[in-house]
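Below, chain A partners chain B and then partners chain C, in two separate complexes.
Up next, the complex of A and B:
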């Protein structure tokens, strides 16, 4: 009862805040600037800002109308510089998905090995400590030079940025499985492989999933920047291309969509995390 | 002592301390148990009781000496020796049935799902948890969790059960009930059991033999006290037995004073032939002197106890 009313009230406050934000935005971008008198020929050369006093910044209504246009035709393809937003997002998600899955395939088994072996853990620690803080984009030139393919380079950058949180969390999760659970498996003469899958994996799963959730967030942050650099396709390229077209409306729409997709990716991982979390 | 089902032969455990100095928890420790016997170890914290139990379980290895169970020296853990952990150590992502079934399927790898489930179910019922099979450990009370721990240990039909203060985290009422259960199950199945406890009454109620350990480091097994109470003793009238207070006082005297001074007072203590104390049997009793002798109890003479 109280929780529903709290959620209701919180939702109301959210809606009020959104309305206030949109209202201020609308008022701030109203056409208020004075219009200079000019000859019709000159006026043709000038934009709407000069001739009609329209704000250079698009208002919420402009953005809404443009967004509706995009939503009606998300998958059109009019050549390399004019593709639907759906196609651009699909490219970005595909790159993030590929790089991220490759990172999962490497980080989790490797993290398991490192977590179970104190020797490997100590031996690999300096490498991980040095590689972890490197900005993923710093790898880009090296990737472009060695891989010689801009699209695969972007995937590599995603791979390299999402591997560290997963690896470190897997190592930590595996290394800190409660001794007593390990002892239960030992007294039951459970073999190493079965122990890894029936005791260590379920015990470490919440920590591993938390690392995976951090990774997907970072991967989605990095893909926009990476696509701005490599160009061609993707939502990051779309943002940069629309900036070059001076279409601030499209830039704002892209920003909004990047946020929504990022949130969805995070929510999916959050759901998986809840599935493997056990109450104690 | 003719049938040595379990024989601990001269084990030692040492830890490397800071600066290369070694700390000897205990050394040259000898101890034996017969089949079907229930033994309790009593001693202060730090005397190495848990280490002895871990060595028996195979979770820890001694620096010297050997442990022989059923004629064979042990190396590592075994499904023959089940452990009931102090902290119950249930796998929280498995249900009650899942936890017991995990042990069952570990022992009988070839069994199919239905057979494992039926076997696990039997032991869940034995500890009185029927109806809670599909609950997770987080939904259970402390006593119920420990029941699952007991069911898990029993389900693999071990040759012996090792218990490390299994009831110390429970409230007094639950502890009493579980002591009854453990005693009943051990008597019914003829289980050999080795239990660590801090509770003198628990030891008197459950044990056939009570091992008294002195304070560590350098702890020794000082005495083996044989429990003079009848095998069919009940928890409620335990304290009315004529030898109950003699036994209890003997153990408490040991814990309060002799556990500290034993090494100094008994320089000729032979760890291979630890004295066996039989309370109340004249000639064999070494500690039941003076005060305890006077506590001879006859039915009906003490209104305070019979009321």
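Up next, the complex of A and C:
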């Protein structure tokens, strides 16, 4: 069995599954509910769910049509509370990017230090263990209260949630570099700094990048929730705004887009990881 | 007599008279008590009148002399003569603008419900621009967030539930930070909606054990629902469950059968009917006609650091409120505030709320033009009433200086001055008595009022 034919068959199964899913969805949301008779005057004041028995859940066709509408003009700007999906996604990605980069800048050097020093590693361990399992959104009220700025608070929440996997993976990666390699470097009288960059960093890189990959996934999960909370801009705000209008169609579209962007971010880091992986 | 009448009317007494100026005497004013503040003619006309009165007063300090002059030459001649050597037009323009705002670009937060109508519509309909401001109205996720963002100065001013500024100033559920209310947004405009399956349970006595949603603990919605239930013999703390739910989630929760009903701000009530999940049991107007609902609030700090901006902002809001109070403008407003940038709701729903002709969810079409109404005057007696309810339900423990708090937070005096300058007719006093479900409230005796309720939280 060659890999191409496996891939082909997997693709086929994917398509069949998707078609089945869409079909069931379509059938499940057809208007079936019985409609009470009402005067035309009254009916004019009521929504489609009440007058035509239209399902409150939109079907795949409604979602498709709406999605097309959004894709046609992704960058419109109708004022501070109504912007195109492209702009909203850009806001979210920018927030995630800022918080995440700050976390990288802190976590990797810190992780290096901790990983190279068994003393620090032991001393800081209890703090890290307590801070790590805290839901990032639990930080939100505290952040809002102390930072007094909602957009910086959102970035802070991203920072705090993405720092732990990176930190722990860096510590682990640095601490578990094979002793022989370090000993060889020592024998050759390589300085500490040089040893860190030329021996430990390349050796720990795959583990560090795995941590970064986990972090970006978490950061993207959290930003949506954070934006729903603070509002203003971003894809999370878009979900909230459409939820406000009970527009499930738009919420589904947002869910789809959040999934796609999350997948892209993950793939980018997966590629980086592959670049630094080495055979032993 | 007010500053808005014709200053060239010889019979006019420019000094005494009633506060609103529309009546010959204070007694007559009391009789006609115009609680509404219908705008008088056009804005410019109003300002012109105010300025001309001032000029006439300056020229003829004695009423007798002025009357004689006006009688002998006639009003139009007097106006012409006056305009010749005094630039009335320029003076009017200068007056209308007030002092230059310290800060022109302002951010005002709002919650997407029809209560925020004046705050929202002032942006697309140009009321902020007219008063020299560049205001960005920002939609916000919930009451706690709007509170925090206003306290954090991300917003210069905001749409808040009428009791919130009192609660914030007292430090209930937040750090005590002095806030003030220069204007009430809307009066009435709430309703009790029940799930469609409770069609036959119209008597509140049958509601024992039901679950109700309210938008926030410090809300008129909470106090009115508790009041209504208590009047029907149910203790809201033990006989039913009250849940704080953000308004947009109320309809979804009602559909999902998580709650049996809610007392919510409008368009949420109408939205539940529009989507066929509930029916209107009662408009809040039937509990207390003319009750305040939401307010326009700012921190005392903003008011003292940028008094001119604050005054311009208040003027814009009062102006928009006056415009919204007219029935003939309501359809146009519904269209202006419906887009995704503002309330984000179907126009039909907003129209039903604002025009008062609505589907009740039981197959009937009802009309009540005052379903929601707009009146900016921040009655201090409203604040006293809210404080009595906070006391009644245990939100405030210990003694309260009702009057002092009400006067600190509800800026009736300043608003009265501002409204007078704008040529509107504010009421004479800041306290008025009103009846809630037939029971009269005397703002002078708040303690007695609290004590008079059988059902309340023991303190």
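Here is the rule we use: the second predicted complex is superposed on the first by the 279 of 280 C-alpha atoms of A that agree within 3 Å, B and C clash if a C-alpha of one lies under 4 Å from a C-alpha of the other, contacts with A are read in each partner's own complex, and residues count from 1 in each chain.
The rule we apply is simple: a residue touches a chain if its C-beta (ideal position, glycine included) is under 8 Å from a C-beta of that chain, and two chains touch if they have at least 3 such contacts.
The structure displayed is predicted, hence computed values, not measured ones.
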Side-by-side fit of chain B and chain C on chain A, or clash: fit
Spatial angle chain C-chain A-chain B, Cα centroids [nearest 10 degrees]: 150
A:38 touches, of chain B and chain C: first, second, both or neither? second
Partner chain in contact with A:56 - chain B first, chain C second, else both or neither: second
First (chain B), second (chain C), both or neither touched by A:145: second
Which of chain B and chain C A:127 touches, first, second, both or neither: neither
Which superposed partner A:68 touches (first chain B, second chain C, both, neither): neither
Chain B or chain C, by number of chain A residues touched: C
Which superposed partner A:240 touches (first chain B, second chain C, both, neither): second
Chain C versus chain B - closest C-alpha approach in the superposed model, Å: 51
Shared contact residues on chain A - chain B and chain C: none
Complex interface listing, chain A residues touching chain C: 36, 38-39, 41-42, 44-47, 49-50, 56, 78-82, 144-145, 148-150, 228-232, 240-246
In the complex, chain B residues that touch chain A: 57-59, 76-79, 81-83, 85, 87, 89, 91-93, 102-103, 106-107, 136-138, 156
Residue ranges of chain C in contact with chain A within the complex: 112, 123, 136-141, 145, 148-149, 152-154, 248-249, 251-252, 255, 271, 273-276, 339-342, 344-346, 348, 352, 357-359, 363-365
Chain B partner contacts - residues on chain A that touch it in the complex: 178, 180-181, 183-184, 186-190, 198-199, 202-203, 276, 278-280
